[in-house]
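Order of writing sets the chain letters: A, B, C and D. Residues in each chain are counted from 1.
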Amino acid sequence: MTAIVALLPAPLLIAALALFATRLRVVPVLAAILMGIQCAAAAWAWFPILGTPRRQIVEGIGIDSHGALFVLLTTIVVAAAFVHAVAFFEREKLSEHAPSHRQIGQFYFFASLFLIAMYVVILSDNLGYMWIGMEATTLLSAPLVYFHRSSRSLEATWKYVLICSVGIAFGFFGTAVLYAASQQSGALHVGSLSLAALTTHARQLPPGMVRLGFVFLLLGYGTKAGLFPLHNWLPDAHSEAPAPASAILSGSLLNCALVALWRISDLARAAGQQQVVRATLLPMAVLTVITAALFLLRQRDIKRLLAYSSMENVGIMATAIGLGSWSGFALQAVNHSFCKVAVFLLAGNLLQQCGTKNIRDLRGLLTAQPGRTLLLMLGIAAVAGTPPFGSFLAEWRILSFAADKHMPWVVAGLVLSLAMAFIALAMQSLDMALGNKTIKDPTNVRTRFAVSLVLVPVILLLGSLALGVLLPSSVLALLGGGR
Amino acid sequence: MTPQPHLESNLLYALAICWLVAPGVAVFQKANVDRLLGVILAVGSLILLAMGVAAFAYATTNIALPSPFSFAGIPVAFRFDPLAGLFLCVIAVVTGLTVPYLRGYCSHLTDKADMRIFWTALSALLISMPLVALSANALTFLVAWEAMSLTSAMLIATDHSSHSTRRATIVYLSATRLATAFLASGFLWAHALTASWTFADWHLSGTQALGPGVLVLIGLAVKAGSWPFHIWLPIAHPAAPAPVSALMSGVMVKVAIAAIVRLFVLSPAFNHPVFGIVILTIGAISSVWGILFALIQNDLKRLLAYSTVENVGIILMGVGASSLAAHAGLIVAARIALAASLLHVINHAAFKSGLFLGAGTIDMGTGTRNIELLGGLSKRMKATCACFTLAGAAICGLPPLNGFASEWLLYQGFLGASSGAHTPIERFSFMLLIGILALVGALAMACFVKAIGVAFLGRPRTKAAENAHEGDRGMVASQAAFTVTCIVLGLIPPVLLAVLNPIARVAYPGADSVAAAWTLPTPAMLVTLAVTLLAGAAWMARTKATMPERRYITWECGFGALGPRAQVNGTSFVQPIAHTFSVVFQYAESVSIEGESRRLFPDKVTATSTTEPVLETRLYQPVTSMFGWLGDQILHLQEGSIHAYLLTMLITLLILLAIGGAIQ
Amino acid sequence: MTVLLLLIAYLAHIAFLPLLFIGLVRWVKARLQGRRGPSLLQPFWDIAKLLRKGETISETATSTFRLAPLASLAAILAVALMVPWLGLPSPIAGDLILAIYLLAAGKFCTSLAALDTGSAFGAIGASREAAISVQAEPALLLGLAALASHARDSRFSALLAPGGGEHTIILALLVGAAAWLCAMAELSRMPIDDPTTHLELTMVHEAMVLENSGRSLALIEYAVALKTVLLLGLVSQILLILAGNQTLAFHYVLSIVLLAASAVALAIAETVMVKLSWRRVPNMLSYAIGASALACLLVAMRG
Amino acid sequence: MGEFHLFESGSAVTVIIGLWMIGITRVPTSLTLYGTQSAVLGLMAMYLGVLRAEPLLVIVGVAVIALKGIAAPAYLLFVAHRLDCRRDDGVSIAPPLQFFGALGALALILLLHPLRAALPESSLPSIGMLLLGMIVMITRRLAISQIVGFLVLENGIFLYTIGQPHTMPIVVEIGVLMDVLAGVMLAGLLAFRISREFESIDVTELKELRG
């Protein structure tokens, strides 16, 4: 129980701080420090639980190794974003549409509540609480997307709120159907929303209701995760949000939706409905990777490019979920979060200097900013799954899992679209980096904490590199729990 | 000899440390450090040579890195066996001999590119290439392979101000990434069948080997640059700086061939007669196709890149013939063909690197690589001309040099296979291959006579060619070193064959050594050549004093002193051959005459010849534009109207419900 | 011991036979055209005259131009000692691939010399030489390979041995025809190129040696003569497979007679035939490739 | 009346109100209709609560009537009045046509075999409501009407939850209610910003983010 309580103080403090001390210029720095404390608290509370098989349920909140992994990952991602946000907002104040202190205060208020909502989704064992948490993440992250107050960010926010709410509403219908199914099964005559209870009595649930529930839940949480037919909000929301916000969205929100998807498909598998998972979630996941790769071919805005790359990685993780390989899913989630956050932060601070998002105008960055551009290129390579980085191993594990289960169309679809995605990303990023300088001399004015603009991405990329090379089976057991 | 795993692993660590230091020095050391980096690379190549020799000397040893280094449970394992040893030595020698060239060439590069990235990428490449040759399991192979591709792409993009270099980098990256995709799916399939990642445990044969084998073969063929997948090679190699293209053509292409030999011939992981036929056919086609396209190139480096495609074809012909002969039970012919292809790997690494360095010196000396703008360079660049001519003679396979040794052995392999084969079709096809090899040899001679003649001999065609300047001492030393290696390798084939014998014995166990197949009277021939040359030279020198020599203009049939434009240039030299083979590259000539009315004195006559790379325009371009079109079509899904998005959600709901309902 | 004896015999024949052969061809041609024509020994006087004359070398020529004649002569001499063109076993146990590639080395040097002088005609000659050898070389090599596959060994001694087998007559005729056509192409004799022509634009071999004069022209003339005798000797050896195994002396006499007959045949061809137009040459050479391919098919089908 | 009989008639009434809402174009009328629909649902929930002797369900019913029946429509009417949007004549198809379209879609659900097999008997009315909600959202231009569409959809789900023998724990019900209302408040705020940014709350204006 202490583990859950340990997570609450820091974000609530930041929210309170952001609400009342709006005039103080020191809110970002304090937020970063508090997030540091939050990381320490999460590590102290949750690290020992990692890798242990036991699962303890406390009024609808499950404490197990799966939840622990994603709590730690979300905390690290949000902490990285907050540390980078300090320097980011310093730079933002110098640009022409500088945000007011009130806006920055709002950003921190909503972001901290957003973090708590994400904890609720990851940790909840009760389907109802998970739904409420997920709906809360949508509503709380809407102001983050609307940070720039421009017409484009307004459009992105409107579409984000509307599509996600509709999707999640379908999700709730699925929850209701599962609840009804649990009432009709003999043992649970009263009916229960607890996943643990449902999984133990999975066999007695009426198969038709379970299938219907799974389909609606897949639609709900698939919209939040950004699977193929339901992905339309993802590129708009991620490209219009400020860099720290899109880093949090990409790095942790998608993971929460995917954890929910994992829990549902695990339940369906327990109820003997392996067939419906293979027929709905797996094709959707592989289609996501293929269409994301195709989308990447013609992108001309760097943040949309990264958004579609997130969509592609979501597809890979969803394939892992469809196949039932937790270690593949966990490894890919950790690597993708690290690399994608690093790349979004780097892209964000490059855009601040060059002032434009359009790839055609960004030319010759390698000559203008050799250090940062090389780091960005390495990050993009890491996200695209090139070997020295961890995402290659994760994709390899998922592919070998699919191959061993004799699913050639999954392997073929994935391998080809991963290659196409790599080529598309390489084309776009080389267009930006190579060639002689066309952009006016980027305003590399020195601001406070500028070192953190590069430090945070470097640490994250090193983390992913370590996972790529130093991954003995002991670390794998820690992350994965074998399967 | 007792296995010395710790020696080899220590050498492996030393190599890694040495070549990790180089980028460190490059990045932080501000002053001009090419000299220091050159020394580091030289030391690195020496260590690599020691590793290669150790791999030969001691029995085959497997080394896995200690526990923290592992790829998700799969160990990072390396295997030191004679085949890997051979390729390590080839990499070491080529790197070692290119090092002096680097210092001279880099002064030319510093204004155009960021040398820190160049040196880091170069040392990373020189670590990853041996690792690919050494890797023992699929995952280490893929990681090293992708690292090799990425670092070589960074090297190609060194001088990235020109558009063609950027296009070359992207084409190269896409080609290698698709190769990795094919390789990955092949390895996954093989793992599904054998439940192990190490190559040594894979012994698939019969129809089981077909699936994974074809995928792996396609992946390796793309990187080796053989026929249907070679289109990236003539785009990527010329764009790289000369020492890098020398390394890529001379060595990196061979690393893919090493993998083909390891997986399809030595204790074959994929054992099926059809692979021998497939490798033989793509080898034959790529040798003819490569040399025909090399013939019509006027950019020196593109010509050499196509000639690499041709030589890769010859090597693959040897590998294919040896695996086919082995399946037909002709062990002697199989062993000779395998030894021939491995010998050609060594020879090609020697003369191709020398030729590319020569092209680099010309590019630096005159500022252009188009031989139509050169001519008469031998007067100003004597050393480069001599080295280039001798290396050119070696690549055409002319006897006293090393090219002839491996081609002769290949002929012996084909002859042995054709006389021993059982069915008439096999006998006839092997004899046909002898014809193809002879045709390729004749075309190679025409191509390199054109390259050497038009570039070096005759009168300078432009100002740039007129005041060309020779490369500095280091560059000429490198080229001379490669040329000397060609000459020496030409003299000692029996020794080389004795060195290659352990590999042949691993592939086809048997008593007699491959060296016995070398029945050529090389010493007698050399004596006759030497005696005649020395006697003739002595006689001419003696009579030179008594006989005056007159220098006069070249014979111009009374038309008056013909300018340098009257000389035959590249296109017109190959016009007769191109006309005979016009169907291969859609060769079309057109002559336009202005002032036709005055029959005898037209104002202007322009003759143009056009060729079309058929493979690119008919096959690859439509496929790539189809993907582009797909990319455009899919954008319609994201047109921005929220109503469309909600409608898609509804349709998805209905489809999922239908699927859910259908599953009873 | 016999090798030394053979070496002396071969060197003796190499000294006088080539130029005598050329003299014979010119003499027979003159007779056919109703002229008395120069004496048989005229080529010897021509070479002697040339050796004494001074050389005119173009300004653009470099050392390649000077070394080339000597290098090509060395190559052809090495082949002459390797191929048993005299009927006697050759002093060096030569191999068919080595011989053909050595001839190619000779062509390589002469082509480079032609390009070195920067003259348009020399370069056109080199380009045509390369075009012809692209078809002639594979034909010759394929034909001899058919024999080698028949005899299971690529050395000339085994290749030309009159082995058993019922198809040897047709085989020898096919390979002989292919070898004769390739010889005509290599030596740029009548059907492909008229050696006595003066119009530079039509020349092939003569154009390449246009710039040579004095001593280097003498070397080249001699080398061409030796190459003629060598190739036609090889053709006669192939035809002699039909004669079956004879004693050494009779075999030697037969090959000398065949050499003279081929000289006469050459002269007749040059008086009767008209030079092929340059665009037709590839079609003519494809007959040679066809003949060798048929020979290979024959060997493959022997069952 | 028996519990089942009550649920049957109640859901019939809500579906009819939903269908009715599709046909009209005036915004205030559709808001009031939504209010009545929520009120009917609230009453049904209270009555069922009394029948099943579950006090919590009664409280939920009261909350639904108060919040969704009265508060939400009032807030949306205030927003509609401030932005003076009266008519919403739909994207391309005229509302009467949309009405028949909706009927066709409902028939589709009932007749198409794979869909019919997937849906159990009790969920048909709520699936119908879901479909109506989606159709309202897909065919309407104004932001307010889209919010109404979402609320109708949400009512359909609430209808299904109260149709079960045991209702969900009160915390989940109230949580869902709070989330939906927070969503409506947020959408209202966004509607104000859209009208300020684009001079009209016509959602088809939002077309800038493409590709």
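Going forward, contacts are C-beta pairs under 8 Å (C-beta built on N, C-alpha and C of every residue); 3 or more make two chains touch, one makes a residue touch a chain.
This one's a predicted model, so the numbers in the text were calculated from it and none came from an experiment.
**Student:** Does the complex stay in one piece without subunit B, or which separate groups appear?
**Tutor:** Subunit B out, touching clusters read A, D | C.
**Student:** Count the C-beta pairs in contact for A-D and for B-D, then report the pair with the higher count.
**Tutor:** Greater number of contacting C-beta pairs: A-D.
**Student:** Quick one: point me to the chain whose Cα centre is farthest from that of subunit C.
**Tutor:** Of all the other chains, the one whose centre lies farthest from subunit C is D.
**Student:** CA centre of subunit A versus CA centre of subunit C: separation in Å?
**Tutor:** Each chain reduced to its C-alpha mean, subunit A and subunit C end up 79 Å apart.
**Student:** Compute the distance, rounded to whole Å, between the mean C-alpha positions of subunit A and subunit D.
**Tutor:** Distance between chain centres, rounded to whole Å: 31 Å.
**Student:** Report the inter-chain centroid distance for subunit B and subunit D in whole angstrom, where each centroid is the mean of the CA atoms.
**Tutor:** So the centre of subunit B lies 69 Å away from the centre of subunit D.
**Student:** Provide the C-alpha centroid distance between subunit B and subunit C, rounded to the nearest whole angstrom.
**Tutor:** Measuring from centre to centre gives 36 Å for this pair.
**Student:** Which residue numbers or ranges of subunit D touch two or more of the other chains?
**Tutor:** Only 117-119, 134, 137, 146, 203, 206, 208-209, 211 qualify.
**Student:** Give the residues of subunit B that touch two or more other chains, as numbers and ranges in rising order.
**Tutor:** 635, 638, 642, 646, 649, 657, 659-661
**Student:** Tell me, which residues of subunit A touch at least two other chains?
**Tutor:** 158-159, 162, 166, 170, 211-212, 215, 235, 298
**Student:** What is the complete set of touching chain pairs?
**Tutor:** A-B, A-D, B-C, B-D
**Student:** Spell out the residues on subunit D that touch subunit A in their complex, using ranges where they run on.
**Tutor:** Subunit D reaches subunit A through residues 117-120, 122-123, 126, 130, 134, 137, 143, 146, 150, 153-154, 156-157, 160-161, 164-166, 168-169, 171-172, 175-176, 179, 182-183, 186-187, 190, 193-194, 197-198, 203, 206, 208-209, 211.
**Student:** Can you list the residues on subunit B that touch subunit D in the complex?
**Tutor:** Residues 635, 638-643, 646-647, 649-650, 654, 657-662, 664 of subunit B touch subunit D in their complex.
**Student:** Which of the residues in subunit A come into contact with subunit D in the complex?
**Tutor:** Going by the criterion above, the answer is residues 126, 128-129, 131-132, 135-136, 138-139, 142, 146, 151-152, 154-159, 161-162, 165-166, 169-170, 172-173, 176-177, 179-180, 183, 190-191, 193, 208-209, 211-212, 215, 235-236, 239-240, 298-300, 304.
**Student:** Please name which positions on subunit B make contact with subunit A in the complex.
**Tutor:** Interface residues on subunit B, with respect to subunit A: 67-73, 114, 116-117, 139, 142-143, 146-147, 150, 157, 160-161, 163, 165-166, 169-170, 173-174, 177-178, 180-181, 184-185, 188-189, 191-192, 195, 627-628, 630-632, 634-635, 637-638, 642, 645-646, 648-649, 651-653, 656-657, 659-661, 663.
**Student:** Give the list of subunit A residues in touch with subunit B in this complex.
**Tutor:** 158-159, 162-163, 166-167, 170, 211-212, 214-216, 218-219, 223, 229-230, 232-233, 235, 275-276, 279-280, 291, 294-295, 297-298, 327, 331, 366-367, 370, 374, 381, 386-388, 392-394, 396-397, 399-400, 403-404, 406, 411-412, 415-416, 418-420, 422-424, 426-427, 430-431, 434-436, 469-473, 476
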